[in-house]
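The two complexes that follow have chain A in common; it is paired with chain B in the first and with chain C in the second.
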Partner chain A sequence: MERIDVHPTHVYQGFRIRSGKPYPFGATLVPGGINFSIFSRHADYCVLVLFNRGAKEPLVEIPFRGMFQKADNKEPVWGEFRTGNVFNMTVLELDHEDLEYAFRMDSNYQSTPRGKPGIHRFDPSRYLMDPYARAIGGRDEWGKLADWADPYQHRARIVFDDFDWEGDRQLEIPMEDLVIYEMHVRGFTRHPSSGVPSAQAGTFSAIREKIPYLKDLGVNCIELMPIFEFDELEHSARDELSEGWARMNYWGYSTVGFFAPKAAYAATGPMKDGTMVADELKNLVKELHKNGIEVILDVVFNHTAEGNEQGPTISYRGIDNATYYMLNEEGYYYNFSGTGNTLNCNNPIVRDMVLDALRYWAAEYHIDGFRFDLASILGRDPWGAPLANPPLLEALAYDPILGKCKLIAEAWDAGGLYQVGSFPAYGRWAEWNGKCRDAIRRFLKGDSAMSGAMSMVVQGSPDLYAGRGPTASINFVTCHDGFTLNDLVSDNEKHNEANGEENRDGANDNNSWNCGWEGPTCELAINELRRRQMKNAVAMLMLSQGVPMILMGDEIARSKLGNNNTYCHDNELNWLDWDLQEKNADLYRFFKNTIAFRIAHPVLRNRDHFQQQDSRNGFASISWHGTQAWRPDWNGNALAFMLSSRANGKADGDNPIYVAMNMHWDALPFELPSPPDNLSWHLSTNTSMPAPQDIYEPGNEPPLENTSSFLVGGRSVAILVAK
Partner chain B sequence: MELNIKTVDQLTVVEPLGDIDGKTAPTFQDGVLAIIEPGSRILIDMSGVSFMSSAGLRVMLLTHRKATGSEARIVLVGLNENILNSMTATGFINFFTVRNTLDEGREALG
Partner chain C sequence: MSFQLSTDAQQDEARITLGGELDAAAAPQFKDAIEQVAVTSPKRLVLFMDELAFLASAGLRVLIFARQKLGDVDIYVIGSKGPVLNTLKMSGFHQSVYLQDSYAT
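Now for the complex of A and B:
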């Protein structure tokens, strides 16, 4: 039966319209047309602007209030299309594929000129992008020079959400079983060595081509650095010599639209077809899921690309500045993000927008989880004070659609809030464990008295996450912020000159050690030590309870030449060089086998923290040792431990595991505890040995001849398995 | 867009000429659906199509599904590189039987 609301009631300049529906917000395909709905509390006048795709001049501008014609007899009639603070209208018979739309808003409140502080920033001359735009054009091809004369730079488009998922759903891999691989969409395959055809290099589609690599490595989750539409040309600078870009917003931690995938990350982006871009990303997720790999998005809800009062008007500030941003009494933007503005996350409207966006990504893109950039901001009230019970964080934790999604906080912000171990968790939230990162780094480089701190890391940081369990801890040694693993063992200091700020930007407390020479060297002994340290680091990570995360390329010793803040480079500093896979095949093999070892042994992947009373045949689930069995040294730089059952006391058929980490410069003999059940020790890993004796494939570990003692080389990790 | 439909050696050969997008998709769909009969073998020669939008991809898939639902078979040939790339990137390619040339297409239809 035909719906009765497919017929217009009003006509405006030939466009047939009727009152719309306020919900959902954004542009929604409805029978016969498109429903447009946008909130503004402080605007009292709004115009819908329709464009043909790419056109500078609008097709039509339809006011939400004014004189129209009656649809049946063409007589003049007054009309208003608004419900509460929501302007909504359905326009019939539009070609959604060839359409872009914007809004113009005006208000009786006093407006503020650009550059000046102020509460309201209405400017009826500006085209405003819909905050709920599901597709955004204008930067369809990465790095292409923009037409700055175009008054509408970031152009809202329509998406047809009918992708055929063929039964796919989120994988819901248990948190404790995840091995996360953090990557940048463009950086992963942009390098010419990636072997991907140039038209696809650096895109979603190219990641799909590399799924076999990810599977072979053994990771089961990729975490994508920001893929919400951003403007790579923001704060960009041309390089006059090469006529390319000297600097650009490469990482993308600056959101233009929270509902739209970055068009230029799609191989199909240049076709300027919003639905096609969405299809491409959905197809990537579907194919990853088919291969047992989850997708986590790094989401930036703490600020937008509009900057401070000097910044451009793209959307939010022209729609309702006082709602979307945290402002002080004079109308200056609070800057807890370090980027000029702070999204007003605990305003009920903005909170709903964040929720709507995440629900959309989970429901329409089958995204498995989210990592929240500078998440502590999401726990601040509209005046910046940290809340005891932040409504947004609570709402996310209890949201029905996000009910099985991973929620991961970067539990600090640029305003000085540091909540590692104390982020409001509601039984759901995990954290990037920055303290784990620092402890592993310091233990690794041989700082004195770090064995106690390392023992906490090994257990999944019960000192931080008692009651929350090890799965609250995302363990990592490196991430996009800071050194790569190779540079962590090659540089004492950051080398950020290429960023154009005379090496002032980027963190100074890297806890790194160059092994005797700053930067690349031909010195064999130094390179061998570096190689060993990289293996030690990943072994420590994979042997620790919690959720390990590795950084793209660390498995093949990717370097960023000592630059620890490469946010602005679209070049080899950020592009993964795939030739390293052959050059550093032994390191790759070590990573692969270490990951496989973790996957093979449930005792490394406990959901709960170890309880000291757990026992199996008289052995604690974890016992501590040193150079003498059963006698750990909590203030040294060597640590040994034995795992002999899971935290809940169940053995699950798993083998006991003994690990000796000797971060002393000299070799040390470790007296071995007798394994339970008359089993005997076999050698899995010894990082002091050259490949392939550095690690054996799980299941192929040779027996130890001397089972009472094992000599662990200086700065080396040994792993034994009893069978 | 024009749609030429002819019968060659008991195969129905469909030759769309022009772009397949939101505007032309219905023409394509109506034309192809009209010739689908149980057991028919249809070769769609895409060499005259330079551009296919997301709406084009959808109408192709709908047509294909209706054909297979009536036990008809469809093979696509002559896709240009751009169309092939976008079909691969979006995964639509996986639903179709695709061949390079008319001869290979005929062979695939048996």
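Now for the complex of A and C:
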């Protein structure tokens, strides 16, 4: 039976329309046409603007209130298409593939000119992008010079959302089993050495080509740096000599639209077909899932690309500035993000938008989890004060559609709020554990009296996450923000001159150590030490309870030449050089086997913290040692521990594991505790040995000849397995 | 470039030749053709794309529709090149069909 709402009631300049539906917001394909719906509390007037794809001049501008023609007899008729504060209208018989749309808005409230502080910023001359746009054009090809004369730079498009998922669903890998690989979509395959065809390099579809690499490495989750539509040309600077870009918004931590994948990250982007871009990303997710790899998105909800009062009007400020942004009494933007504005996340309207966006990514793209950039901002009230019970964070934690999604907070913001260990968790939120990062780095470089702090890291930071368990802790040594692992062991200081700010930008407290020479060197002993330190670092990470995260390229000693803030470089500083895989094959092998070791041993992957109780024939789940068995030194450079069972006291068929970490410069003999159940020690890992004796594949560990003592080289980690 | 389509059903095999631009406007015509050949319950669907210059997302959807509509049927895509081939590869559709340069008639 035919629906009765597919027939127009009104006509405007030949376009057949009828009243729409206020929900869902955005542009939605409905039988016979497209429903457009947009909220504004303070706008009194709204116009829907339709464009043919890429056209500067509109196809038509249809007011949501005014004079129309009756559809049946063409007589003049008044019409108003609004429900509450939502303008909504269905336009019939549109070609959604060739269509782009915008809104224009005006208000009786006094508006504020650009550059001045103010509450409202309505400007009816501007085309405004839909905050709920599922696809956004205008930057369809990465780095292509924009036509600045185009009055509509970021162009909302329509998406047909009937992807063929072939039964795919979120993987729901238990949090404790996750090994996260943080990566940048473009940086992963843009380098010519990636072997991906140039038209495909740096895109979603190119990641698909590299799935075998990720699988071989052993990671089971990739965390994509921002893929919401952003403007890579924001704050860009041309290099007149090369006629390329000297600097650009490469990382993408500046959202244009929260519902749209970055078009230029799609190989199909140049086709300017929003559905094609969406399909390419969905296809990547589907293929990753088929290979047992989850996808977490790094999402930026703390601010938008509109900047402060000097910034461009793209969408939100022209639609309802007072709703979308935190403003002080004078109308200046609060700047807790360090980028000019702060999204008003605990305003009910904005809160719903954030929820709608995440639900959309989870439901339509099968995304497995989210890492929230500067998440502490999401816990501030509209005036910036931290909330005891932030509604948005609570709503995210209890949301039914997000019920199995990982929720990970970067538990600080640029306004000084630091909540590592105290982020409002509601039993759901994990955190990037910055204290774990600092402790591992300091222990690694031999700072004094760090063994006690390291023992907390090994246990999954019970000092921070008591009651929440180790899975609240995302453990990492490096991430996109800061040194790569290679640079961490090669540079004492940052070297950010290429960023054009005279080395002022970027963090100064890196806790790095160059092993005796700043930057690259031909000195064999230094390079060997650096190689060993990298192995030590990943061993510490994979041996610690919690969720380990490694940075793209660390497994093959990627360097960014000591630059710890490469947000603006679209070049070799950020592109992964795949030739390093052969050059540093031993390091890759070490990473791979260390990850495999973690996966092979459930005692390393506990959901709960150890209880320090006898569990296995008189042995505690975790027992502590030093150079003498059963006598740990909590204020030294050496730490040893033995895992006899899981935190629940059950062995679950796993082998006891003994680990000795000697961050003293000299070799130290470690007296070995007797393993439980009359088992004997076998050697898994000894980072002081050259490859391939540095690590053995799980299951192939040779027995130790001397089972009472083991000499651990200076700045080395040894791992034994009892069999 | 206008869309052209011809069909030829023979015993267990259905052949559809596509030309021009397969966009949202042309997709219903292609879909009708798929439904038409589905009646003959072919075991193999052969799509000749030598003359197809453009494949939009709406056209791609009909290919997926074909796979779903025809069930356990081998789909051969013959002679796709340039942007059409790229679209098939970048969208991942090439993994569920047989891509060939030519086809023995």
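The rule is simple: the second predicted complex is superposed on the first by the 722 of 723 C-alpha atoms of A that agree within 3 Å, B and C clash if a C-alpha of one lies under 4 Å from a C-alpha of the other, contacts with A are read in each partner's own complex, and residues count from 1 in each chain.
One rule holds in what follows: a residue touches a chain if its C-beta (ideal position, glycine included) is under 8 Å from a C-beta of that chain, and two chains touch if they have at least 3 such contacts.
The structure presented is a predicted model; accordingly, all values stated were derived computationally and were not measured.
With both complexes brought onto chain A, simultaneous placement of chain B and chain C is prevented by a clash. By the document's definition of touching, neither partner reaches A:Lys215: not chain B, not chain C.
By the touch criterion defined above, A:His42 reaches neither chain B nor chain C.
The intersection of chain A residues touching chain B with those touching chain C, taken from the two complexes, comprises 95-98, 160, 162, 164, 199-200, 203, 205, 208, 266-268, 271, 273, 275-276, 279-280, 283, 286-287.
Those residues of chain B that touch chain A in the shared complex are 21-23, 53-55, 57-58, 61, 85-86, 88-92, 95.
By the touch criterion given at the top, residues 95-98, 160, 162, 164, 199-200, 203, 205, 208, 266-268, 271, 273, 275-276, 279-280, 283-284, 286-287 of chain A touch chain C in their complex.
The residues of chain A lying in touch with chain B in their complex are 95-98, 160, 162, 164, 199-200, 203-205, 208, 266-268, 271, 273-276, 279-280, 282-283, 286-287.
Residues 23-25, 56-58, 60-61, 64, 67-68, 83, 86-87, 89-92 of chain C touch chain A in their complex.
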